[in-house]
Amino acid sequence: MSDHVYKLMEITGSSTISMEDAVQKAVNRSARTVHNMRWFEVTNIRGHIDEGEVRHWQVTVKIGFTLD
Amino acid sequence: MSDHVYKLMEITGSSTISMEDAVQKAVNRSARTVHNMRWFEVTNIRGHIDEGEVRHWQVTVKIGFTLD
Amino acid sequence: MSDHVYKLMEITGSSTISMEDAVQKAVNRSARTVHNMRWFEVTNIRGHIDEGEVRHWQVTVKIGFTLD
Amino acid sequence: MSDHVYKLMEITGSSTISMEDAVQKAVNRSARTVHNMRWFEVTNIRGHIDEGEVRHWQVTVKIGFTLD
Amino acid sequence: MSDHVYKLMEITGSSTISMEDAVQKAVNRSARTVHNMRWFEVTNIRGHIDEGEVRHWQVTVKIGFTLD
Amino acid sequence: MSDHVYKLMEITGSSTISMEDAVQKAVNRSARTVHNMRWFEVTNIRGHIDEGEVRHWQVTVKIGFTLD
Amino acid sequence: MSDHVYKLMEITGSSTISMEDAVQKAVNRSARTVHNMRWFEVTNIRGHIDEGEVRHWQVTVKIGFTLD
Amino acid sequence: MSDHVYKLMEITGSSTISMEDAVQKAVNRSARTVHNMRWFEVTNIRGHIDEGEVRHWQVTVKIGFTLD
Amino acid sequence: MSDHVYKLMEITGSSTISMEDAVQKAVNRSARTVHNMRWFEVTNIRGHIDEGEVRHWQVTVKIGFTLD
Amino acid sequence: MSDHVYKLMEITGSSTISMEDAVQKAVNRSARTVHNMRWFEVTNIRGHIDEGEVRHWQVTVKIGFTLD
Amino acid sequence: MSDHVYKLMEITGSSTISMEDAVQKAVNRSARTVHNMRWFEVTNIRGHIDEGEVRHWQVTVKIGFTLD
Amino acid sequence: MSDHVYKLMEITGSSTISMEDAVQKAVNRSARTVHNMRWFEVTNIRGHIDEGEVRHWQVTVKIGFTLD
């Protein structure tokens, strides 16, 4: 909580299972290259429909991470 | 991806189980009369409370479908 | 549905499990002191990330309850 | 309050008298072809001016109705 | 207009008559327990429909009152 | 409907009677100096409370008028 | 300008050429089944990219038409 | 870039040709009476439809100009 | 950061000095009756003008506090 | 507080010092030609950066003043 | 359409010709360093005015691209 | 002002002193790795409270910089 500076990036994760899983996938993929992720905020929830069924949940999040 | 035209309709599904189930119910009911649904976007998440418990999730989606 | 008056309060629930559970926790905690809760609307979905994993879902809801 | 599905349609009513009358006209006209209308939400209030006087109130509402 | 501090609360009034009456009912009910109310701002206008007629106007207001 | 250019101005009217009267007062006052007013859109509805009663309705409108 | 009632529908047109052409295509396709269209408002401008070039403009419009 | 003060005005231009032309017409007309216009921001894109064709593009812009 | 529940309240502080001072006054006054305040978010910045000078800064904040 | 009518104008002030100073400059400049200014609301906060330092604060305010 | 993760970046392109050209320039420039761009959404349309003429169209887009 | 392309990034600066200082810290930190920063826009103002006092101002800005 000292005078940190944070950067926000916007990521869309997709999942066939749930909204939570789509967010988790966005966070997991980001973790490969970004460290010190601290929080996220959902900015959009969409999805694809095929043959009358929801096939993918697509959740967009802004992720905040600490700049060292 | 050619020069398609899409129509959007706004549907509210409700479920006692989860937000995802409320969306799925909205899509399933729409599939009875509308074909070629392609995507949805969540525009509102509400619900009813009874005796201190969440009883229904009500999720409103805009659904896009192709006009032939 | 007669000429009722409702008050809205804004509550943030958090959960390690799901968005629905975060809302349910917000509603359950409010039920300790507020009666006649009738509906809620989700106004914000956020969360905390630790070591590349979502640790908490934080969902803010406006809850409407009847003023007697 | 069971697992109903609702459709929303957006209608603009106009009236020379009042905002309430414009909404009522939108609802009355819709009742000719749509049954089971349950609620509305005002999304826009506009009007026309002629010779320095308000001539028409134009109120747009989203109307929700039950899909059987 | 000195260094006052104000609190805002959000109240929904309903009326079978008009939008203004719904706001007035929200204010009157609030006056039973809150003093020094100073202003309001309309944040939402909704209503219920029954048998093709508007039955209730539901107007939500944020009411500001002085903290002594 | 030819290639007209319109200017928009934002005016707040107040009334002790109703929202419609507040708009009408805003339009009437503007008519003293502006001609060719064509339409308005409501952008804000507020008011003052005194002794637990609504004393003034304050409605802000954007008014469009033709530039000759 | 008498007491007309209008319905709004939301349509997405797409074009490889321009935003205006995408709107025109949305309007043209709608004209096959809807008469008395009067105005539109752009609510979203998107598009697809392929191999570093914009391939489609997708413009969503709300179209208002008179209910007889 | 010194301590300038700017005024913003909101203007709607219309054109039968394109969105860009509608903006240009708004700017050209304003130039008759306002000097030192510096930038604009598009706040609304609408239009009129007649016999199933777009007849006018109506683009609203906020124009900023330097107060001397 | 365990499964806490937070309540949000909306408070307007005013100050003749600065925006920061207006926020600080809102927080200080709230501290008389509310404990465990954790964060705030600015939702509105307004002020009063008298004789061509800014006399009061009025800053509205949503304040979140832990419910035990 | 009688049945006044107010006009709103939108002004951007800039300052090298602070946000408050930018607002004050907008108000001071406006006072040269407009009397009876009563309140303002901040609608945008921007600024210029040069060589990695904030050089100007640019704050846009809507200013309301009484029409006599 | 499998479980892809997308990143969004926000780019402003400028053009002396048209809005479409400004978007195309934003996309072209981005293609130098980013691959797999899939879609864009327009978030802002602005421009510069000089001597009473529009000199530059500045269109801001959010561009989504696949993270491998 | 030629056909430049700009990229926007979103950064949150925090400060124990003031909102301006939080923005300045966000800009200073960004200057370590990004050149040609040109402007910023404030998108969010938040802060932390501890023991009834504001401890940190957290201001989020979108920063635009030229892509060479």
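Every chain is named by a letter (A, B, C, D, E, F, G, H, I, J, K and L) in the order it is written, and numbering of its residues begins at 1.
The rule we apply is simple: contacts are C-beta pairs under 8 Å (C-beta built on N, C-alpha and C of every residue); 3 or more make two chains touch, one makes a residue touch a chain.
As the structure is a computational prediction, the values presented were derived from the model and not from experiment.
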- Note on the structure: Contacts shared by chain B with chain E include exactly C, D
- Figure out the least number of contact steps between chain B and chain L, where 1 means they touch directly. 2
- Query: Once you find the CA centre of chain E and the CA centre of chain F, what distance in Å lies between them?
  - Reply: 22
- Message: How many angstrom lie between the centres of chain D and chain L, each centre taken as the mean Cα position?
- Response: 44
- Task: Let me have the rounded angstrom distance from the C-alpha centre of chain A over to the C-alpha centre of chain E, please.
- Result: 38
- Query: Got the chain J residues that touch at least 2 other chains?
  - Reply: 9, 18-19, 30, 48
- Task: Name the shape of the chain contact graph, picking from line, ring, star, complete and other.
- Result: other
- Message: Show me the residue ranges of chain D that touch chain F in the complex, using the header's touch definition.
- Response: 18-19, 44-49, 52-54, 57
- Under the touch definition given earlier, write down the residues of chain C that touch chain E in their complex. 1, 3-9, 62, 64, 67
- Note on the structure: Interface with chain C, chain A side, in the complex: residues 18-20, 23-24, 27-28, 30-31, 37-42, 63
- Quick one: which bits of chain F touch chain J in the complex? Just the residue numbers, please. 9-16, 25-26, 29-30, 48, 55-56, 60
